[in-house]
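Chains here go by letter, A, B, C and D, matching the order in which they are written, and residues are numbered from 1 within each.
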Amino acid sequence: MQGIILFALLVSTYLMVIAKRMPALIRSFRYQSLLLFLVTLLAAFNEKQVELYLISGMIILVKVFLIPYFLNFTAKKIKLDENLGLFVNSQLSLLLALIFTYCSWVLSVNLGFGQLSLLSVAVSVAFSVILIGAFLMISRMKAFTQVVGILVMENGIFLLASSISGGMPFFAEIAIFFDVFISVVIMGIFVFRINKLFTHIDVNKLSRLKG
Amino acid sequence: MMIILQIILLIITAPLLSGLITKIKNNLRMRKGQSVLQPYYNLAKLFFKDEVISETASWIFRVTPFVVLSSTLVVGILIPVFIFTSPVHQMGDFLVIVFIFALGRFFLALSALDTGSSFGGMGASREMFISSLVEPALCMVIFAVSLQFGSTDISAFSSMHVISVSSVVAALALFLITIAETSRIPVDNQETHLELTMVHEAMVLEYSGRSLALIEMASYIKQMILFFLIAQLIFPIGLPVGNFAQILPWVLWYLIRIGIIAVLVALVEVSVAKMRLFRVADFLGFAFVLGVVATVCAILGV
Amino acid sequence: MAIVIILGIPLLLAVGAFFVKGERLFGIINCLGYFVALCASIILFKEIVFAGHIGVFSNFIYLDLLSVVFIVVISVVAFAAALYSITYIRKDIEQKTISGRKARFYYLLSNLFCFFMFLVPSMNNLGMLWVAIEMTTLVSAFLVGFYNSKESVEAAWKYIIICSVGIIFALLGTILFSYAFSISGLSKSLNWSDMTPVAHILDKNILKIAFIFILVGYGTKAGLAPMHTWLPDAHSQAVAPISALLSGVLLKTAIYAILRFGIIIIKSGEFAYFTHLMILFGSISLVISSGFILVQKDLKRLLAYSSIEHIGIISIGFGLGSPLAIAGATLHVFNHAVTKSLMFFGAGNIVSFYKKHNMNAIKGVIKVLPFTGIMVLLGCFALTGFPPFSIFISEIMIITAAFSNGSYFIAGLLLIILSVIFGSFIYHFSKILFGNLPKGASTQGEPLSGKLAFLFLFFLICGLGVVLIFKYKDLLWLAQRLLQG
Amino acid sequence: MLYFLPQKLFLFDSLSLFFLVVILIVSLPSLVYSFGYLKGDYSAAKIFLAQVLLLAFVLFMALIVSVRNCLIFLVFWEIMSLVSYFLVIFDTKHARSIQAGLIYIVMTHIGTAFIIAAFMILHNHAHSFDFFAIKNACLAMPSQTKNIVFLLFLIGFGTKAGIVPLHIWLPYAHPQAPSHISSIMSGVMIKTAIYGIIRFVMFILGVNSSWWGVLILILAVITCLVGIIYALMERDIKRLLAYSSVENIGIILLGVGLSMFFISLNLPYLAVFSLIAGLYHLVNHAIFKGLLFLCAGSVYKATGTRDIEKLGGLIKKMPQTSAYFLLGAMAISALPPLNGFVSEWLTLQAFFLGAFNVIGGSKLFLGICAAMLALTSGLAAACFVKAFGVTFLAKPKSHYAESAKEVALSMRIGMLILAVLIVIFGLAAALIIKLLAKVSGSALSIDISNMSFCLNNFTLFPQMAKNVYLSTPLLALWLIILGITGFAIYRIFGRGKLTIYKTWDCGYYKLDSRNEYTATAFSKPFRIAFSFFLLPYRKTQKIRESFYHIKSFTYETRTTKIFKKYIYDPVLAMVLKAAMFMRRIQPGSIHLYLGYIFITLLLLLIFMRQF
């Protein structure tokens, strides 16, 4: 059961990699968050912890509804052209994503998780999500993708946390959620500002400050 | 007492040497030539002539003749020519001579610049150039010589009585140096007054009358001393304890030795042509190399 | 309860910034508040030196020597910045570059910024530590983009994105640490006060990997090359007092975080690992920053790169790890904070007069702003490690330690790079400081509060330089206890 | 363990005292001089600042030579550099002085880096910064380490002292400072470096192999020649003096290096003797170079130019200054019976005595070094004939010189003091040498109780040399006697009257200052003789109206500063190139920046095992 969800989560991440346009990206991020919510819910079932229920509730609140809504809202507000501006075309990106997955599996083995145990799968999925998130940030031009990328990485980390150490202390989790939300909002504000000053959000063109 | 005698003898004989060389040169050139005593006449004439001093000149121009003369004479009393050891030998050693000559030269060059004539400046420049190249060669020669008896003491030098390869080579080097120092062909030419060629003459161009006489005198004595050094290197005969009885043969022997050197100098002067100023560097470089060779010989003990 | 005061004051001021009208008045209140905080932090320091460590709120806030040292540094620079802000902000308002509303906004944000920076060393829970650091990024991003020009917004964007990414890796590292802790069969906790004592039984392999993430993550925030790229942009665009805070203390808080985990690594017996990594990054930072300093044209970027250089020195110092080196590095944390703030204040005055960052366009500062000019000149010598200023002492301590550890290569590198940087600093500053008055400029008077800020810092630079000569024994005694955890 | 505040801070052994005396000897006259010099040109506040800086400068030099702890030494050393930097850039209105200050402070800081390294290595062995602790530790130090430390010290202090090719800053910094400062910098400050070499290499480290001495001798010879040749080419009088300082540092180092050489050959007497020679020249140079710089300052003050081609005829306008300058020039050209002569004679004598007592090829080596020293003094004489002749003699060459007046009283007093010292140090040589013997004895920690250097209070008499004497008073006496005799003859027997008339002009009726021999012309033979080193080049520019008629014709000849051109400039260019290249890693693209983080992370994970 859990394995399937993890696999679906990985797939949703791949969907992000091949996404060429903004809505697609946000949609697949929403899927990913949803799956993450399922994972935590399962963990909550297994471990019978109240905090985990709460946390999963927060996931569905913040990551599945609030943030994607906010992103869409801003996207409409500044009515940008919806292309993401790929440095690396989607096929190649997908290939790289697979390589990242392999790397993360190697890493998880290095970290001493048992071969092919569910834990190791979870860890390698988490790592690959993180790596792919970073890759998204590097390989896409638009400011939005970088926001999404950060969120993806954060998801990955959350998955890792919940899968290996049964989550962090409760208040830490809450704080981190709060923090992530704030950061997204602030980034949104800056996206606005960039759009106002530069009349585009193509961060690749932001290169006045050199050397 | 003896030292006074020595000074007087030097002063008396010095012009003679110059006259002698000129005479020999003239005869070699198949001329009758002036009398050997001509320098004396010149000095006397100059001494009683009127003197003209440039209006540009300052006190330096006036004191120079005395400084030059006294510095030369100091060397004169420092070197024992007729006597075993100078009574003032505590005044200094061989090296001091170099510095004392430098003193005279320094002032001569300044006085040449003092009058503001471009001849003077040119002469000063060339003189300082030549002398600064002479210094290392001279130092090397002194080094070679003093290696032989492990000291820079003059009386030891002037009482040496063995002749060695090293001292002969050193003498050769010293000979070249002397030619440069006493402004003779091929480095300089005393007879010309052509601005392209003259060095020493250009410096003293503005001098006249008594001052000129003093300067001429000084240069005669300097020449004498240098010749004596060469002679001492080539024909080393230990000096007797100076007293009146033995002084006479001594003066003769001394004159003979000097005479021979004079002949050599004259021969050189008539046989070679004056060279360009910038080849003087090579000329004196050669002298320096000879000095080095002499040193090597001295180290090897031959 | 000094710690509560220290944490409380900035919050109160932040709230106060809303209600108090008149930025002039509030500026004075502000700097009084920070003066109290400064005193409190010194008292706290005393307590800790004797008590060893303090925990309040059931060890939610937990302080040891290392933390309190950083708290003192922060409070000093915060006080100076508050002092300087009074004139600076007023000048901006007079010049109509910002409105009164914005001034209050500034005070709000800067106080929040200080609050979160104070929070960093006092947190016990490593997760909360992470949160605090992330919050400093988010708050200060607005202060970087304060003037809302193209450059400043670009700088802010780069700052926020790069730091967030870096910091996310740090979070990953933190989780791995907690994993290493949890699999060692102990109760689930992220408190370093719990982790440190049992560090030796944790799984070394995981710790090592985790530390790499930590180093890259917090290293990004600390401005270790090659993750330093956001730093010059942000520092050159921020408001002058904030530049001082950023480069004076923000970087140091990140260093603090690295050290927290570093201590655990050391305790787990992987000292060499820690040493190598720290020295590696330190050296890279040194070399790269020296290159950029040499051919820099922008005044504030120059100072920013010199911050990178000093962070490099500090991390080398901590990396060397002998008591002398640690003492040196800790001192350097303080000295650099003070000196660099001085320089940034000076740069702030210069820039606000000339309206340019480009050093080729700035001439004759000493004639225009005599006080600032002289302060900057002296600060420039202080920053490049000339006696009798304090940085000389900390640098000489680190170099000595490097030599006596036998790591001649590092020592040689330090000496060479420091000379190069010195040369380029003197080159740049003699160009801008001396020379004739620019056309149409006349000698400017400078208000008192600005001067006070300079004098306060300068007093610390000189005073410390002298005092420490006498206090070296206590210093080493502290240094030995510093990394005990 | 690091001893920041040592228990015993100061050390006043005879070496320190000697250097303290040297510092005072030059500083006090300069201080007196400065009152007159600074007045008029600067505002009162600036004059006050200048005096404060001057006092601080002197104070820190004094501290440098009297501390006994490396770290404190270092602190004072750096502070001294700082203060002197401020003094160099004192005329902030000139861009040149800023540049000069830059070159100076950077070079000296690099030097300091080497010194720091040396100290740290010593500290590793001694675990202390105290001189004597290190001295004891050095007995057990492996000779390899000693060699490294020696080289570090040589480079470090050599930079300050201006050993070729590290002399590059000296001709920039010294001329730009106010003249009384130049006189202190040139007279004393560079000597603190010599103090460093003597103190740390000879006293503390202890000479352990003979190549140290040989190396220093070779460097010293090069320094002498290069310094004086450049000085000959100069036409800016203060730069000329600065270069001649380089030369004199060379002569001092000849003494020091010789002493090292003899120590390694275990010839204690000669070691002491040659160190005496070195120290004697050190104090002499302090005096006459101080005097010369003060005179140059007076000339600058009176005329407003430092270019000797524009001067001339000053001997009539400023008689006292010119007299002092002449005295200084005579002393520095080693003319008897002044002090420069004594020290150069001692150095030469040291070479000769050494040659008599060593064996084989070393004899030749020493002889050639001596010859080079002789060449140097010859060139120095030429250089100062030029300097004095062109500056003070003949007719004024420009309006600068025509309007000159004699300088203020305080300045003249300052110069007078030094001039008197020159004569004293020339005539009282024997007494001074007795003192210096103690100094160098203690510096080399050699017992000098059974060594004698003087016959009596008037006559030098090196014990090892077979009856070699030098008595400057006697020499002076005889010079005067014979001079007076000559004068007497001149007056008594001379007939004929004395007329003042124009200089002989070959019938060309209006001879003026433009016909005079210039400094450039004076140095032409040297320029050609040493062209292999100076690489002279000329720029000629004709402005023609027509093919036949040339309207104006400019001609200038320059020499190439080869060390700057072939060593420093390329290195600097290389560093800058590297920096510019490095600058490219930051093109402003955020994606690239994120990439850096990512790649760093991956690399670290991959190579984790290596750490």
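Throughout what follows, a contact is a pair of C-beta atoms (placed from the backbone, for glycine too) under 8 Å apart; a residue touches a chain by one contact, two chains touch by 3 or more.
None of these values were measured; they are calculated from a predicted model.
The busiest chain interface, judged by C-beta pairs in contact, is B-D. Note on chain placement: the centre of chain C and the centre of chain D lie 45 Å apart, centres being C-alpha means. With each centre defined as the average position of its C-alpha atoms, the distance from chain B to chain D rounds to 34 Å. For the pair chain A and chain D, the distance between mean C-alpha positions equals 71 Å. Rounded to whole angstrom, the centroid-to-centroid distance between chain A and chain C, based on C-alpha atoms, equals 31 Å. Residue positions 107, 134, 137, 146, 203, 206, 208-209, 211 of chain A are each in touch with at least two other chains.
Residues of chain D in contact with two or more other chains: 583, 586, 590, 594, 605. Counting partner chains per residue, chain B shows two or more touched chains at no residue at all. Looking at which chains touch one another, you get A-C, A-D, B-D, C-D. Listing the residues of chain B that touch chain D in their complex gives 47-56, 58, 60, 65-67, 69-71, 73-74, 77, 88-93, 95-96, 98-100, 102-103, 105-106, 109-110, 113-122, 124-126, 128-129, 131-140, 143-144, 146-147, 149-153, 155-156, 205-206, 209-211, 214, 277-278, 281, 288, 291-292, 295-296, 299. Taken together, the chain A residues at the contact with chain C in this complex read 107, 110-112, 130, 134, 137, 143, 146, 149-150, 153-154, 157, 160-161, 164-166, 168-169, 171-173, 175-176, 179, 182-183, 186-187, 190, 193-194, 197-198, 203, 206, 208-209, 211. Interface of chain A with chain D (complex): residues 87, 107, 134-135, 137-139, 141, 146, 203-204, 206-211. If you check the complex, the residues on chain D that touch chain B are 313, 315-316, 326, 330, 333-336, 341, 344-345, 348-349, 352, 355-356, 360-361, 363-364, 367-368, 370-375, 377-379, 381-382, 385-386, 388-390, 393-395, 455, 459, 465-471, 474-475, 478-483, 485-487, 489-490, 493-505, 511, 513, 515-517, 521-526, 528-529.
The residues of chain C lying in touch with chain A in their complex are 125, 127-128, 130-131, 134-135, 138, 141-142, 145, 148-151, 153-158, 160-161, 164-165, 168, 171-172, 175-176, 178-179, 181-182, 188-190, 203, 205-206, 209, 232-233, 236-237, 292, 295-296, 301.
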